[in-house]
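Residue numbering begins at 1 within each chain, and the chains themselves are lettered A, B, C, D, E, F, G and H in the order written.
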Amino acid sequence: MKVDDLKALLARVQAAELTIEAALAELAELPVRDLGFARLDTHRELRTGAPEVVFGGGKTPEQLVAIVAALAERGGNVLATRVSEEAAAVVLAALPAAKWDKLSRVLLVEQQPLVDNGRGTVLVVCAGTSDLPVAEEAALTAQLFGSRVERIHDVGVAGIHRVLAERARLEAAEVIVVVAGMEGALPSVVKGLCSRPVIAVPTSVGYGASFGGLAALLGMLNACAAGITVVNIDNGYGAGFAAALMNRRRA
Amino acid sequence: MKVDDLKALLARVQAAELTIEAALAELAELPVRDLGFARLDTHRELRTGAPEVVFGGGKTPEQLVAIVAALAERGGNVLATRVSEEAAAVVLAALPAAKWDKLSRVLLVEQQPLVDNGRGTVLVVCAGTSDLPVAEEAALTAQLFGSRVERIHDVGVAGIHRVLAERARLEAAEVIVVVAGMEGALPSVVKGLCSRPVIAVPTSVGYGASFGGLAALLGMLNACAAGITVVNIDNGYGAGFAAALMNRRRA
Amino acid sequence: MKVDDLKALLARVQAAELTIEAALAELAELPVRDLGFARLDTHRELRTGAPEVVFGGGKTPEQLVAIVAALAERGGNVLATRVSEEAAAVVLAALPAAKWDKLSRVLLVEQQPLVDNGRGTVLVVCAGTSDLPVAEEAALTAQLFGSRVERIHDVGVAGIHRVLAERARLEAAEVIVVVAGMEGALPSVVKGLCSRPVIAVPTSVGYGASFGGLAALLGMLNACAAGITVVNIDNGYGAGFAAALMNRRRA
Amino acid sequence: MKVDDLKALLARVQAAELTIEAALAELAELPVRDLGFARLDTHRELRTGAPEVVFGGGKTPEQLVAIVAALAERGGNVLATRVSEEAAAVVLAALPAAKWDKLSRVLLVEQQPLVDNGRGTVLVVCAGTSDLPVAEEAALTAQLFGSRVERIHDVGVAGIHRVLAERARLEAAEVIVVVAGMEGALPSVVKGLCSRPVIAVPTSVGYGASFGGLAALLGMLNACAAGITVVNIDNGYGAGFAAALMNRRRA
Amino acid sequence: MKVDDLKALLARVQAAELTIEAALAELAELPVRDLGFARLDTHRELRTGAPEVVFGGGKTPEQLVAIVAALAERGGNVLATRVSEEAAAVVLAALPAAKWDKLSRVLLVEQQPLVDNGRGTVLVVCAGTSDLPVAEEAALTAQLFGSRVERIHDVGVAGIHRVLAERARLEAAEVIVVVAGMEGALPSVVKGLCSRPVIAVPTSVGYGASFGGLAALLGMLNACAAGITVVNIDNGYGAGFAAALMNRRRA
Amino acid sequence: MKVDDLKALLARVQAAELTIEAALAELAELPVRDLGFARLDTHRELRTGAPEVVFGGGKTPEQLVAIVAALAERGGNVLATRVSEEAAAVVLAALPAAKWDKLSRVLLVEQQPLVDNGRGTVLVVCAGTSDLPVAEEAALTAQLFGSRVERIHDVGVAGIHRVLAERARLEAAEVIVVVAGMEGALPSVVKGLCSRPVIAVPTSVGYGASFGGLAALLGMLNACAAGITVVNIDNGYGAGFAAALMNRRRA
Amino acid sequence: MKVDDLKALLARVQAAELTIEAALAELAELPVRDLGFARLDTHRELRTGAPEVVFGGGKTPEQLVAIVAALAERGGNVLATRVSEEAAAVVLAALPAAKWDKLSRVLLVEQQPLVDNGRGTVLVVCAGTSDLPVAEEAALTAQLFGSRVERIHDVGVAGIHRVLAERARLEAAEVIVVVAGMEGALPSVVKGLCSRPVIAVPTSVGYGASFGGLAALLGMLNACAAGITVVNIDNGYGAGFAAALMNRRRA
Amino acid sequence: MKVDDLKALLARVQAAELTIEAALAELAELPVRDLGFARLDTHRELRTGAPEVVFGGGKTPEQLVAIVAALAERGGNVLATRVSEEAAAVVLAALPAAKWDKLSRVLLVEQQPLVDNGRGTVLVVCAGTSDLPVAEEAALTAQLFGSRVERIHDVGVAGIHRVLAERARLEAAEVIVVVAGMEGALPSVVKGLCSRPVIAVPTSVGYGASFGGLAALLGMLNACAAGITVVNIDNGYGAGFAAALMNRRRA
């Protein structure tokens, strides 16, 4: 039942061609989608805070071009994550408006100015240089979703004084994203030094018994400092998006 | 070096008994704790947002009484989690001001009025009745740390319409805590229906291949809806505290 | 918006007190639950094929009595699984109509005659005597949901000829549930001998590297005979219910 | 002992050249295979419902050609799964009757018309575009084994309304196959909306703590909605075959 | 079809009441069990080398008494493993012929003299005193199945010279069973010193990252000395039985 | 201390140049290797039953040539396992006496006639064609170490009658090696049909939740039929060598 | 061959009753144990640095009394770990010289004065009060093996300044043992602040995804600061012993 | 606050422009980094014993050149681990002073003479030739950090006499590093023969159930000989560095 059908039904009630009981019966048969949910789709961004984002991992360059182009046609901004250099070359050739960030492998089509809808800033803290790609994916994501972003890089636990020296910036942030591999201890240290919510991102950086990031993931889940929540291994996008949500001003 | 020592040093500088260079050299030897960190301790609540909370699991009733009494003496509120009925009986006999909640096994000594320092409310959503103890631990924790809390219970994925019916309340909350065991699918469904940040709490409810909550934990970490962050299995306290942090108004 | 509200709205359209456009706008605001989903609840059994079943594991006798009594009050049949002997004694004292099966630890309140709504029979095959409780949970569940049930017990892989001797009965069944612990090889053998769909139930029977049923579960998932699907470890209820669904005559 | 030998034996009994006791003794020595099981082989399809299917994974193009050609010679239909593009090219060059489906990597030699031996339809539901290859493997398999197949694609849990909108089609199917990676929550949602048996197929789609499909597998095994059974990770063939069995009209 | 039925059939052929073709048809319908396999059951010991052995773990004393008594009635020897002290007391009260070994928790009903059917001896080597119960279960099992057994106790890897001193006895044995927990290194050392086949039994002795015997199991499976085969964790019975089989003289 | 040193010492005792006490003191200092263990090395084959075998996996062709050539120079037979086609080509060019078996990837330098030192035969049974490389590695190894070998191929559990038909050959073997991937159920079925010791070899054949052979390994360790021992995943060499040891006639 | 036999042999050489060649032949037959290894046993403490220590876990009080008494009879010091309160009561009743430490569950029989054979001190650092039993087991063990021990308690990562304040004591120690559960991050922080070798001890303290200490173990193995080595979960004894070895002055 | 600021403050105190109380207040605001920690950085080598070492794994040749060149510019020695042949070629072209070791894949820039700051020697013991790369990484690391290093290669557990023969060298070392894959049993054997501290390094050498070194890691953590500590899988650098620390003479 489309809106036109509904209009017609109401018109028949109005015209007394349909009793109220018969109208009720017809309405009870309304497929959910046509009434309640058709509206949802157009309101999706508002509702979930997220435009459709493309996970580039495992997609062929051709698939990526098709999907990104289709989304870009609507006029909004498009974000694709984990886009390889090869795929990016194909997409950029087809979509000159697209930009690709080599470090984070993020591809962006910025067609609308980025707004700042945040209460404060999202601070992305990174343990080692090998964790930078994930950290930058988080940072670019948070930016796209309306947050000002600051970065602190290369402050591992083994050089604890480098973390301590940044205590003021930690406290000043609205939300902190901490990215670390290996043992994943940095979020605990950061949270022990400030009162802000911390989103911890384990990375697959490490070897041997790091088991592809499992050690860091378990370390973060068992963090002895409260106020830390965790996302999936290497999930910079998820952390950046969650941080932007927490930082967003309510309407 | 105590403050008095520092005062004495400055007095000697003032009295020209000590050159500036010699004073600098002495200051360079200052143990960190005496200057920089003595202050930290008194400012700990401000810094991390958390008064000392007692993890009651695995402590004897006698240990609990001693620790809770010592903390209560300072005049603030005290929260102890995972306090068994037996331990609670001993603590309540010794500390008449304490209250124990049977469902969540939380013990509270409320000596200061709870303030509302939140931007909005924390909504605690719970999949099944067996998940209630963890959900209530989260709710009481968020309350103690200054958040108004609402609750939606028993809205598992298998009865998806019950979740849908609460869409308005989901959107109205500032932060949502979703507690679920077994397969842990509820946070994805909730996040798919609203734009608020979701903290997912896996519980050890289940059997067989739930492996003590591992299935729910993995499910939540792999949630296909972005904007979800996860805490440890059965960690209601951690979720409640993180939610209160995210909801807290900045000074 | 209740049905009365909807009626009133239609009446105002009929009475021309409300334009069609205004009516459409009001309808667009209809909370989903009030129209679409209120009906769902009363149709739940029809829709999912399942009355509310009680998982007795981890519930106190008092909780069980309360829940079972509430469900029994509606006049239908009630099934509770994993009810310990102690809990059963309490429930039976309170609800004389209830019966408890010691082997499967299933508690039944049969207030309506069991119907046979099946196309054929559900055959429950069991590898060893230690697997019997799970097998019987499956059998009683399938029966309650309208299937005639047959049983073949104690036909482990190590005595393969006992399985072979039952080839005719295997083929005659509509659906076969195969319950086995340890290495979990029986479903493959059974499926290799007949053309019927097989539901495999791993049990936690075993020791050492059986890891609480994990070995059987993995064995069944990797079964070299196609046509086997698997449920959770020890999940007799799930297997019995799925078997009854597959066996059920369509209206 | 061939049938001729048996005939000869009986002839000697008839001719009184052999006493009944001596005949019994000879019969007791009958190798099982020659009497009981020779027949089984020719009846294999009837018995297990499955013609020999070729698992193409890990086979060289030459091996594949040899096996598929040998099976095709018998005149029936042949199905090979997980056939890479390279291997398919070699097989198609050698067997012009073969067809290869790029998406599902399924290779088919259709020499007999497909029959519809089903009671109803098999509905294949797919969470995301990355799950499509597995879903299509399931669909093509079910088709080859005599089921009409319908498909619903791209209805992940994060967009729950898209699932809801298909409620009627879910209920209309005889059996539903649900294919999902990452957290594997879709089968629970689908089962919560209809009364049909659901076969859940976890896929290896995901990253980080999805551990190659383990998260989805555990999620599905722990599904809170009853009536769901599970097959191995990425096992589209197994799901399609099981679905066809469940849907098949009995002779 | 019983033997009598078969006799009758042959008689009817002899009497020309049944044509050979009709007799063939009837024979083709012979249920497998009645011809080929009825005989198997009485020959089971011969065929598999094992009388029925009772796994006592998880059985109630009453169940044990019933099973052991039933088996003992046939007049042969009966072996029950993992019989607790409580269960043993009940069985011994009911079956005065039974004996229970406290160390290994093995219960024996010896009604026939033990024969020595071995080519040589089975040597059971044990790493530590905590591994003794499993070692003794292996030793008693091998004895019951016809092997002379020798024992070497408490020769862990940390005191390597104790192993070296027994080199002559290692070489003299027909088969060696090596029982070890913790890291499970003893089988490699033993095998490195002699030319005999070694059966390795990991035990659940250990703590922390021994994970209930998993460390020892993996160590033994990865043993760098060839000629070692492994049984399940704590499976003394399986090792003793396999050793007796390897040691058994062929008829 | 070399043998010459020892001779010299004894000569000095004989010549009364050294008191017995002084000689004793010198002997007490004897490095273990020079007396006791120098002999061991030359007796190594006798002691452990194994000439040095080369594990080809992960070695470069150059390394392989060097090692195999060095061992071949001693005039005995040499066995190298897991030799890739590329590596084999290099070795064969350098060592014309070497032969390489494509199926099992075994490289042999047969410089001495193979002896038959067995009591009977080693029977290698294989579940599927993908398991053949591992099975053939076992077969060739057993042969090289002095056993006559027979083979039964492609008798998976799903076609149980094919196993049954080979019952006589199973019983006739001295030792049986059973090679199977996926669920690993074949050893149980084989052991249930005969009285011979069975060595089970799990293979990494499978996908999804087979986890590289873990499912088969666990299945075999938990086999419900006693008399089965297990080697590492894909360890055909280990199984063949252990089988040859069990089959070897004692001197 | 005992020493007397060896003496006799030499005497016969001296007396020319035995040629040097014959003497050599007899010596070649010397069982290893009688010559080389008899001595080893009396030198065991010197060689491995450890008197026999009793692992009390899983031993009955009677077994413990017997073992400890036997060891104490030799006049040296005896250490038993993981002695429960019940077992300790029995041992202390039987052996009045024994002392039991409630916190660490260590039982000591000190019959010889403790020596200080260390180069410096062993410093035991402990993250939380729940880790104290393991820390104290380490401390008492190091003391018994000749090290002066210092302790720093309750300096978790969440209160990083407490660690920082102890920097001088960390640097002053010869070896540092760091005991921590949950995420196991403390060793990295400690090692980042000083130049001393650190032995990390994961404890089973934690819940949920700490998996009995696995999270802490993995964290420590993946520590980003070099110079850390790890022992088994809860293995205070192992850490204390290793620390004492590292601290021991060479003779 | 820089040192100049501090000087200025003291000057104002001296000049009586600032009261002692006001100076105290200003000092209390001192950022930690500017006073206490600025000094730490210059003292880092002293403090932790480690110059910055480069983990080459996963870095591009360009990144490696940049990092190594920057570190080399300071004039000290530089160590890079896990440098592939390709990367080494690029670095050596750019930095002629660099040397690359093919076996261990270690790259060194030796600009300062290596000192011997050890109490004794570090002995690196290696089980098999495949473990050599890790062993050599350990040896070169220990050397660079000031230890004399000795090596014993290819002394696996299966040839136990080869280990025994080296007993004197084991005891003579100050610290022993034992490198082993597969089952990881060598450290136990080594520790059972000497009184020196042992650092065990599991390697990923092995296949099947070695699970990338997990079997060796668990074996070493569960070693039955005390005095063993463990580092991460394949972590030769970590073991070599820890050994050098333990061996280092205190100032």
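Convention: a residue touches a chain if its C-beta (ideal position, glycine included) is under 8 Å from a C-beta of that chain, and two chains touch if they have at least 3 such contacts.
If you're wondering where the values come from, they're calculated on a predicted model, not measured in any experiment.
Q: Sharing more than half its contact pairs with C-D, counted by residue number, which one of F-G, B-D or A-B qualifies?
A: A-B
Q: Using C-alpha centroids, which chain lies at the maximum separation from chain A?
A: Between chain A and the rest, the longest centre separation is with E.
Q: Measuring centre to centre, with centres taken as mean CA positions, what chain is farthest from chain G?
A: D
Q: Out of B-C and A-G, which chain pair has the most contact pairs?
A: A-G
Q: Determine the centre-to-centre distance between chain A and chain C, using the mean Cα coordinates as centres, and give it in whole Å.
A: Averaging C-alpha atoms per chain gives centres 38 Å apart.
Q: Where the centres are mean C-alpha positions, what is the separation of chain C from chain G, in Å?
A: 55
Q: Using Cα averages as centroids, what's the distance between chain B and chain F in whole Å?
A: Here the centre of chain F sits 58 Å away from the centre of chain B.
Q: On chain E, where are the residues touching two or more other chains?
A: 32, 36, 48, 158-159, 164, 191-193, 208-210, 214, 217, 221-222, 225, 232-233 - these are the residues of chain E that touch more than one other chain.
Q: What are the touching chain pairs in this one?
A: Once each pair is checked, the touching ones are A-B, A-C, A-D, A-G, A-H, B-C, B-D, B-G, B-H, C-D, C-E, C-F, D-E, D-F, E-F, E-G, E-H, F-G, F-H, G-H.
Q: Given the complex with chain B, which residues does chain C contribute to the contact?
A: Residues in contact with chain B: 31-33, 36-37, 40-41, 44, 48, 57-58, 202, 204, 212-214, 217, 232-235.
Q: Applying the document's contact rule, which stretches of chain F touch chain D when the two form their complex?
A: 130, 158-159, 161, 164-165, 167-168, 205, 207-210
Q: Touching residues of chain E toward chain H in the complex: what are they?
A: Per the touch definition, chain E meets chain H at residues 127-128, 156-160, 164, 182-185, 188-189, 191-193, 206, 208-211, 214-216, 218-225.
Q: Using the touch rule from the top, collect the residues of chain C that touch chain D in their complex.
A: 46-50, 53, 119-120, 171, 174-175, 191-197, 199, 217, 221-222, 225-233, 237-239, 241-242, 245-246, 250
Q: Going by the contact rule set out above, which residues of chain F touch chain G in the complex?
A: So the residues of chain F in touch with chain G come to 3, 6-7, 10-11, 13-14, 16, 20, 23-24, 27-28, 30, 32, 35-36, 39.
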